[in-house]
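Right, I'll just put the structure down here and ask away after.
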Amino acid sequence: MDFEYSYDGKTFLVKIDGDSSGGYKAVIADKEYEFTASNISLNEFSILLNRKNMKAYVAESDDGVFVHIEGRVIKFKKPGAGNGGFGGAGGEFGVKDEISTPMPGKVVKIIVSEGDRVEAGQSLVIVESMKMENEIKSPTAGEVVSVNFKNGDLVEPGQTIIKLNPSDAD
Amino acid sequence: MDFEYSYDGKTFLVKIDGDSSGGYKAVIADKEYEFTASNISLNEFSILLNRKNMKAYVAESDDGVFVHIEGRVIKFKKPGAGNGGFGGAGGEFGVKDEISTPMPGKVVKIIVSEGDRVEAGQSLVIVESMKMENEIKSPTAGEVVSVNFKNGDLVEPGQTIIKLNPSDAD
Amino acid sequence: MFKKILIANRGEIAIRVMKACREMGIESVAVYSTIDRDALHVRTADEAICIGEASPNESYLNIDAIIKAVKETGAEAVHPGYGFLAENYLFAQRCEKEGIVFIGPDSKALKLVGDKVASREVTEKEGITLIPGMKDKSTDVNECLSEAEKIGFPVLLKASAGGGGKGMRVVNSKGELKDAVEAGMREAQTAFGDPSVYLEKYIEKPRHVEFQILADNHGNAVHLFERECSIQRRHQKIIEESPSTALDDDLRRKMGETALKVVEVSGYTNAGTVEFLLDENGNYYFLEVNARLQVEHPVTEMVCGIDLVHAQIRIASGEKLWFSQGDLSQRGHAIECRVYAEDPESNFLPSAGKILYMKEPTGPGIRHDCGVYSGCVVSVYYDPILSKLITWALTREICCRRMAAALSDFPVLGIKTDIEFLHDVIVHPEFLKGNTFTNFIPVNMPDWKPVVDDEMLNRSLLSAAIYSDNVGKRTVVSGKSEEFPSPWSTLGDWEIGK
Amino acid sequence: MFKKILIANRGEIAIRVMKACREMGIESVAVYSTIDRDALHVRTADEAICIGEASPNESYLNIDAIIKAVKETGAEAVHPGYGFLAENYLFAQRCEKEGIVFIGPDSKALKLVGDKVASREVTEKEGITLIPGMKDKSTDVNECLSEAEKIGFPVLLKASAGGGGKGMRVVNSKGELKDAVEAGMREAQTAFGDPSVYLEKYIEKPRHVEFQILADNHGNAVHLFERECSIQRRHQKIIEESPSTALDDDLRRKMGETALKVVEVSGYTNAGTVEFLLDENGNYYFLEVNARLQVEHPVTEMVCGIDLVHAQIRIASGEKLWFSQGDLSQRGHAIECRVYAEDPESNFLPSAGKILYMKEPTGPGIRHDCGVYSGCVVSVYYDPILSKLITWALTREICCRRMAAALSDFPVLGIKTDIEFLHDVIVHPEFLKGNTFTNFIPVNMPDWKPVVDDEMLNRSLLSAAIYSDNVGKRTVVSGKSEEFPSPWSTLGDWEIGK
C-alpha cells in the first residue's frame, strides 16, 4: 500500500508492505526499512527496527494523523484536508497570509489597519480566550490587505481575522 | 430494548429505554430505575442514579459480559453461550458433575477411580499449570462415573477430566 | 470529622481532593456545569450535582448555586480547590453565615491577604521587607506614570486582585507604560471584576521561592519548607521544585521564620503559601500570601511526607496541629511540571479540543494528578491546565532524569500541549545546574521549537503508515479481526423481544 | 557505569529494572520468547531480542541463549530480576567466565545461600537461631518420617532448592507425611530440577519478617529495615508491608544486626533479603537468604527513600556504598498487594487468557508496578503475577484506606484475579489491627466469596444493559457515531496508488 502525508509544507510518500506475521518492508523516498510491527491497541504500535524498540502512538482526526514517538508529537496532514482548526500564525498548517486564532475567543483589540506595513513579529490583534489575553503576532513582513473583525467580536478557530500580503517569498 | 443475562444460574431480564440526551429508564423484575448514563469510552460508563455516581466498566467475551462496579467484577453469561473456558469446580459457570480445569496443564495424579464414592471437598485430581500443582476438589458428594485422563496427559481448559454423579440435588 | 464534603471546583484539583476524602472515610460531592457531565471529577465523586451552564459565572463562580447544592446534598463543608471561589472572601463569608465550613482561612483573613495593597501595609508595619513600589493600587494611567518614575524602570505591573500572573507585565520604559496599564486593567476587570493595578520595582534574575504553611484554629502554625517556582512563562509558573537549589539551611530557616510571621500578623489559618522573590545576593522580598491550596502543593507533599489536603480537612474540622516544626524534614527532591493545553510555539496560546488519545506515564517515584482522559474534550471555558506530573527521587539529578523520561512517555494526541517544551526545559543544562530564575524561558529558550530530524520524521512516517495500513485492513475484514473484536458486530443473540 | 544492561526476565520486574536503567542513562535490552513479542517489557526496553520458544527452558531459563543475546547486543551486565535465573549460581558463574557483570552476588555466595541446608549450617555455626529441623535434605520418604517424629508434628515440608513457597506444605500427622513428601519432591523436581526436600518444626501463628540488605564489593553492608510478609496463600506472600506492626525499635535493631551477620558470614554482596520467622513472644528464627531483588522490594523503597534497583546497579558497577546505617530511616508506612491471575474462590488456581479491559489505579501515594495492559494475553507458561500495587501514607491506617480505595478502582476484566480478595483482606478488622500471621487467610477468610447483594447485582445489570444498548445503537449507525469515530470507515482519501 502507498500512503501520502504532508508535514511542514512537504509531501511524503510511504510505500509499505506487511506480511501476516507482522513483518514489514517500507520505502520512504529512496530509503528502505525492514522491521516488525505489532498492534498493541487501536492507537499503540510496537516496532522493532534492527532490534531497536520504537513505541509509537497514533491517532487520527478529520484532517490529520498525530504520531507520538520518542517524546515528540508530529502531526501529518491528510492530503485534501482543509485548514479548519489549524490555521494561525506559527501553526504547522498555518498559511502565512491569513491570520486566525486556534481558539474560540473575543477580539479585544485590533492593533493594525488595512494598508499598514507590518514587520515579522509585530503584534496584529489581541484575542481573549480561556481568560487570557493573547497577542497574535505577524508571522511575516508584509502589508495588511484586510481586517475582517472589530473589537468585541467573537471569533471562531480558523476564521481569518486579518489577511496579509507577504512582502517576501516564503 | 430488552436484554437477558444470567448469573449464578438465574436469568434476569432488563428492559431499558434511553433517550438521545443520556437519560434512561430501566426495569429489572418489578424494580424501576431512572438515571443518566454517559459513555466515557467503549468500556467505561458514568451513571448518575439519584445523584449517586456509579463508575461502571464493561467488557464482552464470546460467552459473557464482565461488569466492574464498586470494586466487584460480575460476569454475566450470554443466553445460549457454551461452557467453554469456564468449567471447573467452583467456577461460576461450572456444572457440578463435570470436573475440568480452567487452565491448560498436565495431569500429575488422578486420585480417584471409576466407581469411587467421593465427598464434597475431597481431592480428585492434581493438575500442574503455571509451575504449580493444583489439587482439584470435588464440588459435591457423589460417585465417580468416568475418568477420562491418565497421569501425564495434557489437558485443555473445559475438557472433562472426571465425570461425577452427584448424590444429592443441587 | 465531616461526613460529607462538597468540592466547589473541577479538573485535577477536584479529583485530588475527592481522593483524599475517600481515604479519610468522607463522602464527596462533585458540582458540574452542563458541559462537564462527562468530566473526570464527576466520575470520581460519590455524588454529583449540576449547578448551571458552562460559563463559570453561571456555575463554578455562582455562589448561590453552590450554596444550594451544599444544602441539597447535605454536605457539611466545602473545599474550594484553587482558582474559582478559592480566594473569594464573599463566598467564605456566605458559608460562615449559612453554617457551612469553608475549608480555608476565615473570610476576614481571606479579605486581608486577597488585597495585595492592604496585605503589603500590614506586613510592612511588622518590618517584613517588600519590593519597593506604589503605596496604593490605581486605575489612573497618569498616577501610574508618575509612580513608575519614582520607583525607576523597569517596573512590574500587576492586577491588585487575583493572582496566577494574570495581568502581569514587565514595563521597561516610560513609552510602553500607557498601553501596558490599559491592557492590564482590561484583563483585571475581566478576570476579577476589579480593574485596579499596581506597580513595583522589577528585580532582575530573581527566583520565586515560596513557603508552605499550615496553621490550625488554635494558634499553632508550622511551615513545610520551600518550593522554588522560578520557571514561568507569561509570568505563570509551569515547573516547581522542592528543595530550592538556592537555599542553604540558614537562609531556609530565616525565610521560614519570616513566612510564619506573615501568617501570624494576617490572622491566617489552614493551608497557605507565603511567596517571596529571592535575588542573587540572598535578599528576599515578601510578595503575597496565597490563601489556598497551591497548584504546586504536591512537591511539598512528596518531600515532607505530609498530605496537605488531609491536613486542610483535619484543620477545618477543628483539630489541633498533630506535629510541630521539629517533626518536619525534607527528604529527597521533587519536581512538578504543569501540563497545559497550550502551544509553546505560538506564545503559549491556549489550545482546546478533543484529546484523541492519551496515556499517563507511570513508574516508581512518578505521580500524575490528572483531570483529563482519552476521548475527553478540553473546553475553552476553563483554565487550560490538564494535569500535573510530579517526580520524586533522592537526588535532584535522578529526579530530573525521571521527569524527562516520564515526559517522553506521555503521549497526548489531538490538542497542543506543553509536554515537549517541559521536557526540553528539564534537560536544559542551565536547569540541570539549578540556574533557575523567573525569566529563564525568555533567556534560555527563546523561539523554542521541537527538534525533529529526518530520521525521526521517517520513523514517524513509518508509524503513520502502519496505522493507515491497519485501518485499511480492518476496513476490508470489518469485525473479523482477532486483534480487535468489533463491538459493532456482536449483537446477534443479545437482543430479545424489542 | 555500564552503558548497556540486558534484563534476563519478563513482566513487571523487567519493566521496573528498565525504567531504572533509563533514569541512570543506561540503555536496556529486553529478551523475549516467541509468544512474548507483544509483552510490555519488550516495549519498555531500548532494544529487544528474541531468545527462543515460549517454554521457559527454551528461552528465559536458557543460559546459552541469554549469553548469546548479551554478546550480540554488546551489553556489559545482566540484571536477572527475580525468578528464572536470578538465583542460579551456574548462570552467575557463566557470566563471570564470559566477562559479563551479573547484577547480584557472586556465584560462590549464590551457591551457598541457594542451598538451604548448607546455608543453615554456616549460620548455625555463628550462633544464629534456626528453627529446629532436619540436619540434611533428603529424597527418602522413610528418612523424612523418622526425622519428623524426632522434631514432632506439625512439621513444615520445603523444597531444598528454590523459594516462593513452591513445594511447601504443613504436615499435621504421620499419616499425611508420605503423600506430602512425594508431592513436594515432584514439584521440586519440576520447578528446580532437584527433588530434595527438608523438614522443620512448624511454628504456629508466626509472622514472616525479613530484612532488606545492601552490601557492596568493598566490605560495607547496611540493612534497610524490615518488611512483614505474613499474609500468604499457598505459602506464598500476597501482601507485604513496612514497618511491621510487631517490631519495636529494640527488636528491630536486634534483628537488623542478626541479618547483617548472616550476610557477613555468607560473603554476600549486592541486594538481598534475610528472612526470619517471628513468634508471638518476640523470638525470631533465621529462615534463609533470598539472593536477589524481592518481589516486595517497593515497600522498602517507599519507606526508606532508597531506590534498590539503582543501588544494585551502582554496587555491581563497583561503587562503594554511598550511605551508612545511620543515614537510613523509615518514614510512614507502605503496603504492597500482589495482583495475580488466579481464582481465590477455587483455591487460588492460576487463571489465564486475554485481559479484555483494565485500568490502572492512580493517585497520590499510589505506585503500580505493572507488567500487563488492556488487550494483552496472560500466558500459561509463566508465573501468573500481573502487577504489584503499592500504597504509601504517613500512617498505617491511611495507607490501608488508600490501598482499599485503589483496589476498588482497579478493573481487570476477562480473567480471574485476586483483586477483590486482596481488598477484603485489607479491610478485614484483624488486618487493620495488625494481627497478621502466616495462616491469616485460612483462619480469617476461609471459603471467601465476594459479597454481591441484590442492589449491586441490579446496578451491574443496568451497566451491562447500557453497554449492550450502546453496542446495538452502534451496529445501527455503524461508523457514524460522534462519540466513537470508527477507524473502520475512514480510509477514503488515504489510499493512493494501489
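Details
The chains carry the letters A, B, C and D, assigned in the order they are written, with residues numbered from 1 in each.
Convention: contacts are C-beta pairs under 8 Å (C-beta built on N, C-alpha and C of every residue); 3 or more make two chains touch, one makes a residue touch a chain.
Here the structure is a predicted model, which is why all the values come from computation and not from measurement.
Shared contact partners of chain B and chain D are C. The chain with its Cα centre farthest from the Cα centre of chain A is B. For the pairs A-C and B-C, the larger set of C-beta contacts lies at A-C. Put simply, the C-alpha centre of chain A and that of chain C have 28 angstrom between them.
Remark: chain A and chain D have CA centroids separated by 47 Å (rounded to whole angstrom). Computed centre separation for the pair chain A/chain B is 50 angstrom, with centres defined by C-alpha atoms.
Within chain C, residues 375, 468, 471-472, 487, 490, 494-495 each touch two or more of the remaining chains.
The residues of chain B that reach two or more other chains are 1, 3, 42, 55, 60, listed in rising order. Contacting chain pairs (ordered by label): A-C, A-D, B-C, B-D, C-D. Contact residues of chain B toward chain C in the complex are 1-4, 22, 36, 38, 40-42, 46, 48, 51-53, 55, 60, 78-81.
By the touch criterion stated above, chain D contacts chain C in their complex at residues 16, 19-20, 22-25, 298, 301, 305-307, 310, 331-332, 360, 362-365, 367-370, 393-394, 398, 401-402, 405, 468, 471-472, 474-475, 478-479, 483, 486-491, 494-495.
Note for the complex: chain D touches chain A at residues 30, 37-38, 42-49, 73, 373-375, 485, 487, 490, 493-498.
Taken in their complex, chain C has these residues touching chain A: 166, 183, 186-187, 190-191, 234, 343, 345-347, 349-354, 356-357, 359, 380-384, 407-414, 416, 419-420, 423, 450, 452, 456-472, 483-484. Residues 1, 3, 5, 7, 12, 14, 16, 18, 24, 26, 28, 31, 33, 35, 37, 39, 42-45, 47, 49, 54-61, 65-74, 76, 85, 88-91, 101-105, 108-109, 126, 128-135, 137 of chain B are the ones that touch chain D when the two sit in their complex.
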